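Shared chain: chain A. Partners: chain B in the first complex, chain C in the second.
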Partner chain A sequence: MINYLLFAAKRFLQLIAVVFSGVSVAFFVSHLSPIDPVEAAIRRSTRNSNVNPEAVEKMRETLTALYGVDVPMWQQFTNFWSKVVVGDFGPSLLSFPTPTMDLVLRALPWTVGLLLVTILVTWCIGNFLGAFAGYFQDNKYLKTFGLVTMSIQPIPYYIVAFLTLMLLAFIWPILPLGGGYAIGLVQEWSWVFVLSVMKHAILPILSLIMVGLGLWFLGMRALVSNIISEDYVVFAELAGVSKPKIVISYVMRNALVPQLTALAMAIGGIFSGTVITEQVFSYPGLGSLLVRAVNSGDYTLVLAVSSVAVAAVAVAIFIVDLLHPLLDPRIKVE
Partner chain B sequence: MSDVLTVNKLKAYYIMNYFGTKREVRAVDNVSLTIRKNEIYGIAGESSSGKTSLIKVFAAAMRPPFEIVDGDIKFDFGDVKIDPYAEDKSKVDALRWSHFSYIMQGSMSVLNPVRKIGKTFEDFALKPMGVSKAAFKPLVIEHLEKLKLSPDILNSYPHELSGGMRQRVTIALATVCRPKFIIADEPTTALDVVVQKEVLSMIRGIQQEMGSSVVFVTHDMSVHANITDRIGIFYAGRLVEEGPTKLMFEQPKHPYTYHLVSSIPRIGDTQRRTSLEGKPPSLATPPNGCRFHPRCPIATDKCSQENPELIDIGQGRRVACFHSDKVKPLAEAIQ
Partner chain C sequence: MFKVFSDLMRYNIEFAIGFFLFVSVLIFGTLSFFSPIDPTQIYMLVPDIKPNAQYWFGTNSRGQDLFWQMTFAVRNSLLFGFTVAMMSRVLSLVIGLVSGYAGGWADRILMFVNDIFVSIPVFPILVLFFFVLRDDLTTLNLAILVALLGWAFDARLIRSMMLSLKHREFTQHARFSGMPMYKIVLKEHLPYIMPIVFSTALANMIWSIGIEVTLAVLGFANISIPTFGTMLYWANNHSAMIAGIWWWILIPVVFIAMTFLGLYLLSVSLNEYIDPRQRLRRMGGGS
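What follows is the complex of A and B.
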């Protein structure tokens, strides 16, 4: 137990290092870009009018001080971090002076909810069905299911997303076309609101599951078809151990470790996938926010969204890593 | 009747059919034998002589493309008589471990790496023993002590045990339900001689205490000399000679047995060992007549045309050779 806590602490330090370097890279990438945020803001506000050059000069001075770009890069960097550690990413340039953190926090629950449900459903069901399909290779229902997932798998995600949208929201309009909840509702803990949120989440989640399920199903099936010829499975069969027990405790249990590793590696990719999901279904999450920020050159907002994304993915992988020694006793915690 | 297992003219082949090309591997060809109550029956022969295939038939562990072509096999456990291939599969499964068990080859990989030994014992033996969980644990611990294993191992994972311990755990798993019939496939091959000797005497001890029958498969003739009561020698899927272990070592009647037995080094014997020419025949295209004739030093024309039947020659021995009277007793050959 002490060993495990030490391992967790060590792994936590690693997490902090990863988040620090990830956010720092995001900082430098955005600050080294040739777009000058001050000039961009001045251009935006003087685009349609004749402004006195002296006023422009004044504006430039004010904005430079406001954005904190009047000091050398290393100082900007330390200033940035001293604010970030207390959760302040500065004001959004587009929705000035709303703090970017407010915008991010408003969008975060939508994305986290979407991802959590999809990952849990696809990973659990995909692995469960995959294990049974790998063990009972002659079962015709599982065979059919395998064929269906295998034919959906190669279709690019955005096409699957549009297809579900067209079929279930346009041709046969039983589900809403987009958004996070019905227009006009107040965000509160009421049945009407919660039901509306659930109804609006069905399509994005369904499209993500359709594509994600096959990945875990096919991976697990391939893993299991190898494991069933392992000596310990054959030995258990010869001892007359019941089939469900063999599938769950002998086959699935041994395949879970590599599948968990695969999950840790896939989380980052799944997160970037939601950018497309949220665009297609105009879902009010981080992905939509990020696209809007990039399109309008709101670079403090881009930085805030990518930093939160880096932290979220790193934390998810951290949790998966903590599960590892609990699943496989051969992974020594020292 | 005192025979636990009766096998009659058993033919079991691997039949493969790829794109219209049929290929038969005759791994078990026309084998008849009986295993008596309370004996250790050794099965010897070189690699790919059909030893493991034969005991797969015994253990009802056959998987396609391996199938029985002809002949029959009957178990008589005293309370139950069963033909494992005529009956429903679930009936056979119900007898597993309670009536017959199997010690698998390769103790390093037969235990589930992510399951504690104690849990594996529960999976394997709780149902066949028909006792409550509370009564089960003391029985297991008592049995482990017979095999000189500490009860602590029930809380360990397989990777925390040494090779010899894992082998003993496998043996304990297969014997804890006190089955009447135990199949042991090379249980000592991966072990060094010191551990091997220990494990062998444990198998012998447990077998005598429970009065079960053991089919013991290994290619190591010195292990056979140590532990078995009777030996059956297999060559290319056929039983070529069978008899009490002592007689087989002193007076082999089949030229192949003769070469097997004389290959064992003995103290004080400085004679150079020679190996047989050639290699074991392919079981897909075995030679005509006696399958050993291409390598046999005393073969005649008859051997290459006719297949010698396994005939009774007294003293509980059977041999399949036209020229068994020409095989010298081993003692003479050494001098």
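What follows is the complex of A and C.
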């Protein structure tokens, strides 16, 4: 137990290092931007009206102080971090006085929901079917399933999402074209709203699952087809253990550990896929927010979304890593 | 080399299909060198002509011949993937070798950096770079960036191979008979590593072309150059599907699917070829 805690603590330090370096890179990259946030905000608010030049000057002073761009870079960097640790990324340019963190927090649950459902469903089903496909190698249905997933898996998320949208919402319109819920509904815990959310989530989740399933299915099948020649499996077969039992509690149990490692490594990619899928279905998550922010030149928002994305992915990997020793008793936690 | 190839063609149906798809896409891409038109010119032809005998793939709403556009798109996208794969292979090979051989502090530092690169989501970072660089984000710059973000997985793979090779007997033999270290690595170990480098290069091409498609579809790339992604970007920009110009969407999608499937099947079957256990099973030998 004490070993596990030590392992967790060490892993936690690594998490902090990853988040720190990721967010710092995001900070420096975005501060090289030629867009001056102060001038952009002034342009936005004085576009359609005559404003007294003195007022503009006052505004410029206030905004410069607000964005903290009047000090040298290293000081901006420390100021940035001292604010970020309490979750303050400054005001958004897109919807001016709203703090960017509010926008991000509003979008985050949608993305997390998509990610969580997709990862759980694809990982469980993919591994389960993959184990059976690896064990019963001559099964016709599993072979066909393998071929289908194999031909969908390498296609980019965008294309699959676009094709599902075209087929199931445009050519044969049985599901909504996009959005997180029906237009005009109030966000509340009512049946109508929850049902609407679920209905709108079907297509994005379906397209994410179609791409994601193949990775686990094919990985598990390859792992299992190596394991079945091990002595203990042959022994169990000879001893008359039922085949489904061999697959589930003998073979699959052992192959799950490398699959968990693979999950930790794949989360970043799955996240990128979710971002692009959201854009296709105009789903109100982080991805759509990021694209909107880039297109409108909202630099604090771009920085905030990227930082939160880096942190979210790092935390997800951290959680998966913590599960690791629990699943594999052989791993001696240093 | 040729023997291996003909064996793979005969006994491995995945390799044959992958090879066929990839070569046909490749030939199609090389047609762009004989193109009579400049792909960046717009409104050269009557827009929105359906595919017919004269314009095999039709023309789009921007008055371009889709056939020649597609040849350029294939060439640029493949070239992009190839550039990224080459650059990131160099990085992962060097880092993997150094880290596997040196061990100790160098290994620990390199693997710490590696862990960071593995867990950083690539897409938001690239969007951030586009946001800053805008027009300066040329295809070459993008390729360099993607390569810098895409070496980590395979460096770890190569490192673990090196760790195991380092402790094999023949390494000890070579060392005791006075072979210098760099020679052992280059002459004795690289032949083990190169197949892995090659098959990961294919996987890396799939990954990087996928990233290019994703970025360009959103318009986060140089949209005046035809690639897989920018063709879809312009089709979406002109609402091709709503306007009923289905061929403008369908043709790039078919080519993208062919390219990705071809590369993927090649990389899978090469992976299988490298692993002797799986090769034996295919041949029906001891399982």
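Observations on the model:
Here, the second predicted complex is superposed on the first by the 305 of 334 C-alpha atoms of A that agree within 3 Å, B and C clash if a C-alpha of one lies under 4 Å from a C-alpha of the other, contacts with A are read in each partner's own complex, and residues count from 1 in each chain.
By definition in this document, a residue touches a chain if its C-beta (ideal position, glycine included) is under 8 Å from a C-beta of that chain, and two chains touch if they have at least 3 such contacts.
Since this is a predicted model, take the numbers as computed values, not measurements.
In the superposition on chain A, A:317 contacts chain C only, with no contact to chain B.
In the overlay built on the shared chain, the residue A:30 is in contact with chain C alone; chain B does not reach it. In the superposition on chain A, contact of A:159 is made with chain C only, not with chain B. Of the two partner chains placed by superposition, A:115 touches none, neither chain B nor chain C.
By the touch criterion defined above, A:230 reaches chain B but does not reach chain C. Touch counts on chain A: comparing chain C and chain B, the chain ahead is C.
In the superposition on chain A, A:241 makes contact with chain B only, not with chain C. Common to the chain B-facing and chain C-facing surfaces of chain A is no residue whatsoever.
Residues 230-232, 234-241, 245, 249-250, 253-254, 257, 327-330 of chain A are the ones touching chain B in the complex. Looking at the complex, you find that chain A touches chain C at residues 14, 17-18, 21-22, 25-26, 29-30, 32-34, 150-151, 153-159, 162-163, 166, 170, 222, 225-226, 228-229, 265, 267-269, 271-272, 275-276, 279, 290-291, 294-295, 297, 299, 302-303, 305-306, 309-310, 313-314, 317. In the complex of the two chains, the chain C residues touching chain A come out as 112, 115-116, 118-125, 127-132, 134, 153, 206, 209-211, 213-214, 217-220, 232, 241, 253, 256-257, 260-261, 263-265, 268, 277-278, 281, 287.
Looking at the complex, you find that chain B touches chain A at residues 59, 61, 93-97, 101-102, 104, 106, 109-115, 119, 123-124, 127-128, 157, 159, 173.
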